[in-house]
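Presented sequentially are two complexes of chain A, the first with chain B as partner and the second with chain C.
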Partner chain A sequence: MSGLVARLRLAAPAALVPLGAVVVALLVGAVVMAVAGVDPLRGYDAMVRGALSVSNIDFAVASFTAILAMSLAFAVPARMGEYNLGGDGQLALGGISAAVVALYLPAPAIVLLPVCLVAGALGGAALASVSAPLSTRAGVPVIISTLLLSAPAVALTSYLVRFPLAERGSAVPQTSRLPDAAHLPSFPGTSYTNAGLVVVVLVLLLAVRVDSRTPVGYEIRVAGANRGFAAYGGLSVPRLTLGTLVAAGAVAGLAGAIIVMSQPFRFIDDALTAPGYTFAGIAAALLAGGRPALLPLTAALFTVLTVGSAGMERDVDVPRQLGQVLQAVVILVLALRVLAARWVARRARDAVGGKV
Partner chain B sequence: MDVFTLAFVAAVLTSSAPVLFAALGSALCGRAGVFNIALEGQLLCGAFTAVAVSWWTGSAWAGVAAAVVTTTVFSGVLALGAVSWRADPIIVAVGMNLLALGLTGFLLRELLDATGTFAPTGLAGLPDLDVFDGIPVLGALLGGQTLLVPLALLLAVAASLWLNRTSTGLRLRGVGEHPEAAASLGVSVTRYQHVTVLLAGALCGLGGAQLSLGNVTAFTENMTAGRGWVAVAAVMLAANRPLLVLGACLLFGAAEAWGFRLQGVGLPQQLTDAAPYLVTLIVLVASRLRVRRRLRDVDPVAAVSAAHPEAVVHPEETR
Partner chain C sequence: MTDLHPDDARPAAGADTPAAELRGITKRFGPVLAVDGVDLVLERGTVHAVVGENGAGKSTLMSVLYGLQRPDAGAVLRNGRELRLRSPLDAIDAGLGMVHQHFRLFGSLTVAENVVYRAEPGRWGVYDRRAAEQRVTELAGRFGLDVDPSARVDTLPLGVRQRVEILKALHRQAEVLILDEPTAVLTPGEVDSLFAVVRSMAAQGTTVALVTHKVREVLEATDRVTVLRDGVVSARLETARTTAGEIVEAMIGRGLKPAVNPRGAVSGEPVLEVSDLRLAAAPGAAGVHGVSLQVRPGEVVGIAGVSGNGQREVVESVLGLRSPDGGSVLLHGQDLAGLGVRERRGRGIAYVPEDRPGMGTAASLSVADNLALGHHRTPPLGSRARLSPRAVRAQAGELVRRLGVKTAGVNAPLASLSGGNAQKVVLARELHHEAPLLVVEQPTQGVDVGAGEEIHRLLLDYRARGGAVLLVSYEISELRALADRVLVMLDGVVTADLDAADATEEVLGAAMVHATRPDDGSSRAGS
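Now for the complex of A and B:
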């Protein structure tokens, strides 16, 4: 029993860091609002209402679906120490793939829905998979190749939606409305919240299970903890890199497909990347600290920040970019997690009598 | 396509300059053993400050000075986080890049009362050089440029000389290559790393100012649009050597300038926008494959470490 108390006392500081990061970010946001001449309490009230009020929650849940998926797209490769920052490209490519299939494949909903989702996942996975051999064969870090591939992929979708796939006679760069068979069924009484949420939650459950209960999940974590040891122990690091990146790209592409297959049922240029789902997802994944089961919680937090900051802009005229600032502060404070870890290690050392 | 006209080369120099400033800063950091990929955010910080201060004071050079100061202060986040507190430099950089994106967008609305783009008439841009007018080749190359463009080229040469021909440059390399050895000779590792990170911040300030007051005269939200990451790729391509960084950045500039030309003959902008990133990535992959093959013939261990440069550039974990 006393052992448990001692362990809790040692572990508490590390657990406090994520909470502290959120508190610090909220304080920074309060200061920024005060400087901008807005009562912080009114600002945060507008933010929470902007996301969670009865009229807004429907849209917020749809954003939550996208952010949860994007947090998974960052978290899976991060488990083995690779950073996937190319979420925007994977998201956009997944969205456009799903849109193309929906527009050109005449099929009933029972066929079209899964095919579109798979097409989206394949689109994202194809882009992300390129980064694996670039890393393991050419030594170009995943963080750089995913980013450099993301911009051209987004540009490609932008081109497609402006020229070959553009809706005729429309001033907005967008595809035609997808056929009814490709509309994800929404929950009763909602227009944005739909089966996409169920799909992403199922994928998350699968990811949690693979991570904690299967040999592959264990291998990924070993490779993350010590790549040299993993290779020495006979694990194929190139295969694990490819696998995690394909999974990450697939989830991101799936998110793109879900967005396109929800209201307003089109691929609209910029509509997938402009809300900043990718970085909200990264922040959520970092806050969850490599525990996939915590992702719904942290993704919900960043959904409130992302969606709510638009409401804050409407109601109290604080620019919505404040949401990004708060996310960035959370990430920066989390980077200092190592300080807490070092502090814990020192306390543990002191606890056993100063012996190293 | 008249690719080899002097006007085209001049356009290449213009496109390269902002990336070159940032890449030089990152290369110096790499030599000092600090992995600096917060370039996107620092460029954005410089670009915004330059435009805001130029607008308020009416002087573009005041804008440049303010950009240097502000971005140097901003780079202090990396100096504190990655050097003093030895946090993961990648996470710190991701946070800094997002912070700069959010803050500049926020301040654009709050301070300059604009959304998206700020380009009022009367915003003072950097003046074009006129000292080279009438000189045959130089006049055509540098005539329409700001002073910052030749400065970037000179700084690449200066950085190379500094690293390879001076005692402080030697110490800086020592700090990066073998911190323990440098420390045992009385060199303060953290001081060298701090100063280098701040210096890189100042360089990014210049790069951002050139982007928003030289290449164009405007600030647009997220106007760096990946240039910071191209700079990271250029540094990697050049293995932190300033003269090779110059070459890599000229290559990027050529891709961008060539893209502008192709738009002129009717190719959609969306496709030409993608070219610089793809060219950078393809050249990076090709060069690393070559380095790897050569190393494998000579030294298999070095080949492995070359495959994971981030592990070598960032030796904190073993300390």
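Now for the complex of A and C:
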């Protein structure tokens, strides 16, 4: 059956479907705006300006950093056919770990900055790593365990920031402001765009390299294509699962650390998960179809949708939720394509009667 | 689809109208012209062989007839009328049936449940088990197909599963039955009973198209032969008036030069030493009960026997894919106990598995990636930390050229290769290890005669360079062509250990028949 699906994939030029998904999403958005009495061109213009105009680009780049990292956190295990839906928990644990280190370790910036980033990565990796033995020993699918572990992890950070780590005298559940030594240096003339972007881009370059030019990257692809073939070749699927999940959790945790080490330099309850970086990252990874090199492009697209919809709300009075709707439409179209391929395959299989 | 004999549902046709006909079929896959203007006439009640080299277009042509592939040009006719085939469902409605090389049965259901799938007898949606089993018994009796309708499919040997596939097609009133390489996975006994069934079906008016690579089968079981070569018909022959030589000539454009097997003196310490290997029997597996064997450098040791008698377990214990309950496996005198597949391969074992789609290849990866597995951590492809995509492609190009693999390029997905060419990819990869021990199962399954001869020569060259080969095959002729010694396995024990000189077709056949129950094992568990 996989042969038939492969044939279908061959038939549709690889780039056409993702592009089509985006076009469909934009058309749906245009219809929604038209129905609401807004000129779609003005609406999209407001959306693009909301993200990319001189006054907004600074904040948009910070969001891009987070979305790019989260897309990587989904894309890495997806390469071997495992789906990490626990980005929120990993992001939050990474953020809180970095905040704790920054608040309690008196050290100069040169030491504190890398230590905080590493702490964040470890926090996210620790959570994600739990899903590996759950999958390879206990048979709990990664897609389920990551999702189920995410909510309690987020809740734990909520508790920490409300009680043991709460800033005294503040009504908002947040930590105190991190010391100056833990502030990521920002680019001249900006307040949000900082070294975090450089860190994430370096991590992405590393991921692209590992994927295409190392034995481990090759083994991950082999395990994703056929587990039986991987086992036959002597590859250790449990180890690869653990490796990809640790890497994914580390990137998500790193994103959390970068967020708390940027303006306003605190861990604020909900501030990491509310903007929907995880979801936008998953959408970007799905749109990139597992090719890490395309992630910057797709992450940029979803950044515009996420950040720009606020501008759209302000300028043309279209609710900002439209941005999320568009993301959902893209995912839906991509999913429909997989379903359509499955349906064709099923019809053929029913015709010949199941499989062993 | 509830009545067993709805002869009236089909248009009446004169006795001389062909049961099915393909006219001017052309099918392209991108740059590859797989089938080019092929005509094929299947006359009623005949068995028609479709033969040709790997990649000649046989499967593609049969897929067009069964509605799995849409042709770019040409027409499919049934009883003289043109069909519009949008999917196999249309083909089934038109009385066509196909048995694929890889069976598509529900392992956890019984034979009867599989046969009547989607045409279940019963009332108000309640499945009538007795009626189903009775129907299957009736149908099986009519065509001499020996099966137990209440057996679970996953406990059956491959040969019996294939009968279930045929029964399924017959139950849907297939009048034209397509068999794509039905014998590739069968033992000689199973092949004989398959052909008896095919002949009895033809005698009752069923038309059969049979794809095969084995000339002997063409001569034994068919009435007409169409030979394909590079997508066009190179010969149309009448079986009674042709010879093996003529068929081979039309297939590959030259005569056969069977690989000569210069048997030299085998010497030296054993490369592989298996002693008193034990594995408990499980439902569906015979287990292994004290098997010992040795393979020396420059020696090919063959294992013969009906599939499912413990060969698979022995091989997997050698490879480390499964851990035995007792006994030892030594490579160059060192015990391999506790070592995984990677370590064992690293110490010098290469392996060509029988299960090509499930184990030997990854269909969605490129030909180059399929050829790299196991070589990807060593020079020239790479090291522990580095893998050069360019070197991967270069080596793949070299191997593809050396073995003559037909492919659009090394970046093409493996799924686009024909069955025999995929088999060559597996062989190329494993031979390239130049490991001291090569374990091969069914090395020429699905491979055309010309390429089969070439593969035999490659294996013998390998042996001549001092390699040790453990060969599992269900084909007596292959064992005779390659092996220096042949062991026969039955129910998990070695029942005969013969020198090549003594392992004549008769002796081996007798050992396997003697070893086997008269019904060739439908009551025993399969692979």
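Keep this in mind: the second predicted complex is superposed on the first by the 322 of 356 C-alpha atoms of A that agree within 3 Å, B and C clash if a C-alpha of one lies under 4 Å from a C-alpha of the other, contacts with A are read in each partner's own complex, and residues count from 1 in each chain.
Convention: a contact is a pair of C-beta atoms (placed from the backbone, for glycine too) under 8 Å apart; a residue touches a chain by one contact, two chains touch by 3 or more.
Given the structure is predicted, the values throughout are model-derived calculations rather than measurements.
In the superposed pair of complexes, A:Val32 makes contact with chain B only, with no contact to chain C. After overlaying the two complexes on the shared chain, residue contacts for A:Leu156 are found with chain B alone; chain C is out of touch.
Within the superposed three-chain model, A:Phe187 lies out of touch with both chain B and chain C [touch as defined at top]. The larger set of touched chain A residues comes from B, when the choice is between chain B and chain C. When the two structures are aligned on the shared chain, A:Val140 is found in touch with chain B, with no touch to chain C. Within chain A, no residue touches chain B in one complex and chain C in the other. Within the complex, the chain A residues that touch chain C are 2-3, 6-7, 9-10, 212-215, 217-219, 221-222, 225-226, 228-229, 231-236, 347-356. Residues of chain B that touch chain A in their complex: 37, 77, 81, 85-88, 90-92, 94-96, 98-99, 101-103, 105-106, 108-110, 225-226, 229-230, 232-233, 236, 268, 270-271, 273-274, 277-278, 280-281, 284-285, 288-289, 291-292, 306-310.
The part of chain A that touches chain B in the complex is made up of residues 32, 36, 83, 85, 134, 136-141, 143-145, 147-149, 151-152, 155-156, 158-159, 162-163, 227, 279, 282-283, 286, 319, 321-329, 331-332, 334-339. Those residues of chain C that touch chain A in the shared complex are 30, 67-68, 87-89, 91-92, 98, 100, 103-107, 114, 117-118, 153-154, 168, 321, 340-346, 351, 353, 355, 357-365, 369, 372-374, 376-377, 382-389, 413, 415-416.
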